[in-house]
Amino acid sequence: MFVPRRIVEEKLRQILADDVGQGDVTAAAVIPKNLTVKAEVIAKDSGVAAGIEESIYLAEYLGLTVKANVADGDKIKNKQVLMQISGDAQTILCVERTMLNLLSRMSGIATKTRTLAEKLEKANAKAKIAATRKSAPGLLYFDKKAVVIGGGDPHRLHLDDMVLIKDNHLAIVGSVEEAVKKAKAHVSFSKKIEVEVTNLQDAVKAANAGADIIMLDNLSPKQAKVAVEALRKAGFDKVLLEVSGGITGENLLEYAQANVDVISMGELTHSVKALDISLEIIKE
Amino acid sequence: MFVPRRIVEEKLRQILADDVGQGDVTAAAVIPKNLTVKAEVIAKDSGVAAGIEESIYLAEYLGLTVKANVADGDKIKNKQVLMQISGDAQTILCVERTMLNLLSRMSGIATKTRTLAEKLEKANAKAKIAATRKSAPGLLYFDKKAVVIGGGDPHRLHLDDMVLIKDNHLAIVGSVEEAVKKAKAHVSFSKKIEVEVTNLQDAVKAANAGADIIMLDNLSPKQAKVAVEALRKAGFDKVLLEVSGGITGENLLEYAQANVDVISMGELTHSVKALDISLEIIKE
Amino acid sequence: MFVPRRIVEEKLRQILADDVGQGDVTAAAVIPKNLTVKAEVIAKDSGVAAGIEESIYLAEYLGLTVKANVADGDKIKNKQVLMQISGDAQTILCVERTMLNLLSRMSGIATKTRTLAEKLEKANAKAKIAATRKSAPGLLYFDKKAVVIGGGDPHRLHLDDMVLIKDNHLAIVGSVEEAVKKAKAHVSFSKKIEVEVTNLQDAVKAANAGADIIMLDNLSPKQAKVAVEALRKAGFDKVLLEVSGGITGENLLEYAQANVDVISMGELTHSVKALDISLEIIKE
Amino acid sequence: MFVPRRIVEEKLRQILADDVGQGDVTAAAVIPKNLTVKAEVIAKDSGVAAGIEESIYLAEYLGLTVKANVADGDKIKNKQVLMQISGDAQTILCVERTMLNLLSRMSGIATKTRTLAEKLEKANAKAKIAATRKSAPGLLYFDKKAVVIGGGDPHRLHLDDMVLIKDNHLAIVGSVEEAVKKAKAHVSFSKKIEVEVTNLQDAVKAANAGADIIMLDNLSPKQAKVAVEALRKAGFDKVLLEVSGGITGENLLEYAQANVDVISMGELTHSVKALDISLEIIKE
Amino acid sequence: MFVPRRIVEEKLRQILADDVGQGDVTAAAVIPKNLTVKAEVIAKDSGVAAGIEESIYLAEYLGLTVKANVADGDKIKNKQVLMQISGDAQTILCVERTMLNLLSRMSGIATKTRTLAEKLEKANAKAKIAATRKSAPGLLYFDKKAVVIGGGDPHRLHLDDMVLIKDNHLAIVGSVEEAVKKAKAHVSFSKKIEVEVTNLQDAVKAANAGADIIMLDNLSPKQAKVAVEALRKAGFDKVLLEVSGGITGENLLEYAQANVDVISMGELTHSVKALDISLEIIKE
Amino acid sequence: MFVPRRIVEEKLRQILADDVGQGDVTAAAVIPKNLTVKAEVIAKDSGVAAGIEESIYLAEYLGLTVKANVADGDKIKNKQVLMQISGDAQTILCVERTMLNLLSRMSGIATKTRTLAEKLEKANAKAKIAATRKSAPGLLYFDKKAVVIGGGDPHRLHLDDMVLIKDNHLAIVGSVEEAVKKAKAHVSFSKKIEVEVTNLQDAVKAANAGADIIMLDNLSPKQAKVAVEALRKAGFDKVLLEVSGGITGENLLEYAQANVDVISMGELTHSVKALDISLEIIKE
């Protein structure tokens, strides 16, 4: 996910403008104009940094000077100074919360993702942790990027980059075969086709119909394992297998032992625990 | 927070457009055009409904027909059908995730807020639960509205509606008195002035200087109690007292016993646990 | 009212784009490309400068160099050179009218406000001149800022920063007490509550119900005086008292003698006399 | 100036959104949801109605029902009911000020224009009153439309629809002949070319060079008369002659007697006296 | 490519607004307000209809009534009436050119695509005609949709839905293997990976490295055939093979005989011959 | 057509954002961050350069360094290096196609226009080649500018800058005289009035009614010649005469011999043959 800085800046401007409204009345009333101050962005908890790039973009866009001590993806500790910012005092105070909201949400997502990804690595599992589209409304770009920074796979970025046939599509089309057949007939050769199934039979049908990826939805770890082995035994070597639904930090490794390729978890982005990060004006 | 429907629709259109990109390739490939189907939005967990109004706006905006069985603020149970939607199948499938992301985030916020608000009510505490500006980036409107639906106070809506002098402002201005004095001199009479303090002495100074609200930041419940009593004894009856920092569901009642007016918690909106809600196409 | 420069620039870009349309055909046809010229912005009347900051932002945003000889709020005289601008000739000519429209409107507002504010000061009145929301459509930010530069109070900035219960709200709710009671019950503690009343009885009811501010609407100076004295006598010391309606430069001091806190006048922003300011290319 | 309704609605939505911010806290706190009320828009002064179409668009866009008793351009009297509006109470109260700001500004412009236009008509002058680009920032569309409703000529709508060579262009190009020559060489045949001159000699040069319109800037009525007669005598029958600069309601007829075609006045739109119009909820 | 109608409407509104500017001065001056007329959209050439859906959306969005006699993808003949429109005369005349520009460009693209697609069908070639990203600036959605309507494959929709490693990427990375290896390591499992190569050796390397699709760029039909056969012989059965560069209507079948899967042609969208379509007001 | 650079940049940003979507997955996966490279923009065909200014704006806006070897309007040859660009590799690869789409479309338009303009010059015809509003949807600014660069006349820029009464207006109004009369009565003096006619009689009526320009639509060269001579003989010396409809490169000179002032051709912008231009990363 590479987006030219100017396009990211415009996203950030809109987020900031939403917070500013008709003006920051506190900065205007209390802080002198054209006063230069220094500030530090400090971690109040340990985790994985994300949103550093966006924070630099935002600060520099507003004419502030930033020195970042960490990069996106770096592990950070409580009390660690992540960035030093200097510039116009009113501007720093006005943008403080927008910047911290970005940093703490993105770092929270990256931290959770990294924890799970490392759990898989340590267990030598081949599975990759992946996100879903269950993000905060309108925040797909930032949420997905944070997952990537945390070492996860963003999965499809939105609705245009992959066919993902889910239960509701199947409820309308009627059968897995029919749905995959339709997808292959009507979608561009440039797209992968994934199907969500809830049992082995449908998984086999999907594979036979030519799905590139099969999502085993809401299976127990044991059921998932049976399904994966059956599919591999049936010769579907190239089909990627994804599990989703009901997966938590606790049962993650059980699912990993099913030898799946991808484990996707909505809670990576829909139920984020923000990492505690604050900004402090430095008195000199 | 009343916002004319057309303005909310435009916010929703932008959120949807971000998810759609160049098009929903799955709906296009797999689902017939102009097919009318029915769907149900179903709770998968119990909690407090929020985002129902936005969901109705969004669905009707797209030409769908909605029958809502619950209103924002209603308690909902697992398996409860919240809304029935009918209309164009491609449209329903395309908007499904955007709608659920709104509903599940807003309902998650409302549910958490209600739980804490009820805890306070049962304890006959006069304190009100309040949000902060620690929302997901760009989602102040939706996050604050969900807090209100949950029975909480939205606190200031963004930077233009109140003076809130925080530690960083004080670090620049130098003293609580000076900061409040400046605020009173320069801000419109239409705004309240709040000051964040970390000890009783500063609280007294703030009250003397004419602050409307004093935020006792990062005090222990015991310290908060001492401060509140001292301030009331000193005759500051009209000054609202708010505690913030380090407050959790566990120690909430201890803070309430300090007899404060407002208890604000960033986690209401920065660390949301989404309420599980899904949409299911109804086969007939 | 502090708004980060980049957000102001985007407002200015939209205003400029509205004037440019598909292109400045005169500059394109008559003025050479890449020609550097100098220009002066010159007052053609005396008054108070406002819009200087916006003009600097706009000029620099377009790559021009500006030297401002006055700051917002400075008194200016006929023939005074307010700013010197140098840069691309086509750009200067294209932006000339947008810049002057901003400057002359904002300076007109600031000049009128200052005249009235000084009148009050000289009379040792405690009352402050305040604006209303009766601005030119969409220009709340610029109009309110000009009032502040002129020494007035912006009053509420728009609909989200204060409760102001007016005659039409009362017509629906039925009584002043009920309206204030509802406001206190449903609005955030962070907002002040103001009520518009047209007689002393309702003013007393509003004060008793807990209004923070009472607007005495369309009272004669004498009636206003009676009402203020009665309210103060009744012990409502903290309630701010505002008069509005039918106030002009002529009767201003009569209202001031009623000892009110705030005198708000719609004409500050709805019937602006633009200050005459022009831009002249300097021949060398 | 015909603009499709949907495009006007979007302009109006942006103006409204600027006023609403994060929400109308008064309507939310005090007015019940889903309450239907009636309101009347009432003139508080006599003049010419303008902005009626925009008000209808705005009200209907928000789901309100409108019955307009007057059309744009109609003469209206004090106490006359201009429109009856019914619908959601919160919506009416939220949009009230935006609608009145449009109506009162546009009606103020139309009223002033009409007064001057009628003065010319009564004197049997052939001259037409025209606007300039000296509008409130960003309001060219609304301000120009109001001039047209008042019976004036909008003059060029912005920078793309006509060549108008002014003093600053001439200061760069050097001579009237050269400027007109350049304009004729480089601009599309579809555009008229106007030149601003300050004396008769330059007027003749401009006419000889082929200008379609000559603006006599800052001439006295007598000078203007001399110039017009000299030009007509010299055979320039087709060239339109415009006077501008220093024209007021008082000396208007003197300029008209100079037999010019167009009299343009910046104050029509830069120094608007809003017409007093209010909205009242009807108690039933 | 399914995009909810409201999102398409907003794209269309922006295109229309660009053409309208400050207003349609001709419709305003010449056509009465509120006059209802009928119009027909008529083909002036034979081809394949596209843009019909967008035209219906646009017309209905503006309050017009449309009866479409053809659907997107239908073959149309000279003089055929494609749509009947009725409604406000000023609106129809104002939107006429925007609608025809959409229709004639999209139908031009669909017609060209269909011609080539049918050529391939008749020759029993398995190859599919595909578009590229060489569209008119900003028109990816409309141009790609027209290709699909014409029976072509849209290829990737923009930069987020597929990895396509081109010559310039290879110039930086150094080798095909390295580039594909990097892509597989860093991109989501949800994306296909395509590599552009200019000779057989690189094609084999790409296939070995795991590319999903190989684009044979600027090969002659004969070279393409040799490459395809070599790759198939080497056992790369699943790899899709695309040819691109220098393909025209004339040599299309020669490339098809190379047995490739996809033939992509930039000229489908970068050098469009608009289909002649006009709108005529019906006199009754 | 002069548009301030910042306004053009915003147009370009939107075009680029449409192509980028959620991110350039190829550049992200394959190209290192913060790698500086050089690239050349190279003509692959001969023609007239256009879009150079836009390309410089776009590249510099994104932080790239550009050295342009040609200016808009210069003749270019196959293999000529038009621009040298250096800067961030991911950024260059991400913007490549957007830049080339602009360059190749605009240069294609300029090349075609120049060819026809030179044909007229060589024949000593007084007629000017002109564009129409038949552009690609939303691209009026870029398409018209390219025509101007090619030596053509842009004709009206959109709907606000000229009255052009066409067949459909006449179908409603009834007669040429009536239409022109209405236009003269209702449109600003600042606009020219053009009428489209299909025979000599109507042309004479239009001239008599005071049209500034007469468009002879769909006449044969011979008919056009007869009409022009008749009009000139009738003394209409100042009326501009335009031919339109059915004009091609082949019959262009025949129309020119009719002695018309303007020859407008829709195909200049509706059926563009893009000039082949590519970007190549330079290996060092």
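Residue numbering begins at 1 within each chain, and the chains themselves are lettered A, B, C, D, E and F in the order written.
Operating definition for what follows: contacts are C-beta pairs under 8 Å (C-beta built on N, C-alpha and C of every residue); 3 or more make two chains touch, one makes a residue touch a chain.
Source: prediction; values computed, not measured.
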| message | Do chain D and chain F, two copies of one chain sequence, contact each other through the same residue numbers, with over half in common, or through different ones? | response | same
| Of the pairs A-E, C-E or C-F, which one shares over half of its contact pairs with A-F? | C-F
| task | Please name the chain that ends up farthest from chain E once chain centres are defined by their CA atoms averaged. | result | C
| field | Rotation angle superposing chain C onto its copy chain F by C-alpha atoms, nearest 5 degrees | value | 120
| remark: Here the gap between chain B and chain F, centre to centre from mean Cα coordinates and rounded to Å, is 52
| field | Centre-to-centre distance between chain C and chain A (centres being mean Cα positions), rounded to whole Å | value | 44
| note | The distance between the C-alpha centres of chain B and chain C, rounded to whole Å, is 32
| task | Mark out which residues of chain C touch at least two other chains, giving numbers and ranges. | result | 1, 20-25, 27-28, 31, 94, 140-141, 157-158, 160-162, 188, 191
| Which word fits the touch map of the chains here: line, ring, star, complete or other? | complete
| chain B touches which residues of chain C in the complex? | 1, 128, 130, 153-158, 160-162, 188-192, 194, 213, 238, 240, 261-262
| message | Under the definition above, what is the set of chain B residues touching chain E in their complex? | response | 13, 16-17, 20-25, 27-28, 31, 61-63, 90-91, 94-95
| If you look only at chain A, which of its residues touch chain B in the complex? | 14-15, 18-31, 35, 37, 39, 89, 93-94, 96-98, 100-102, 104-105, 108, 133-142, 157-169, 171-173, 179, 182-183, 185-188, 191, 266-267, 270-274, 279-283
| request: State the interface residues of chain C toward chain E in the complex, per the touch definition above. | output: 21-22
| query | Which part of chain C faces chain A closely enough to touch in the complex? | reply | 1-7, 10, 140-141, 144, 157-158, 160-161
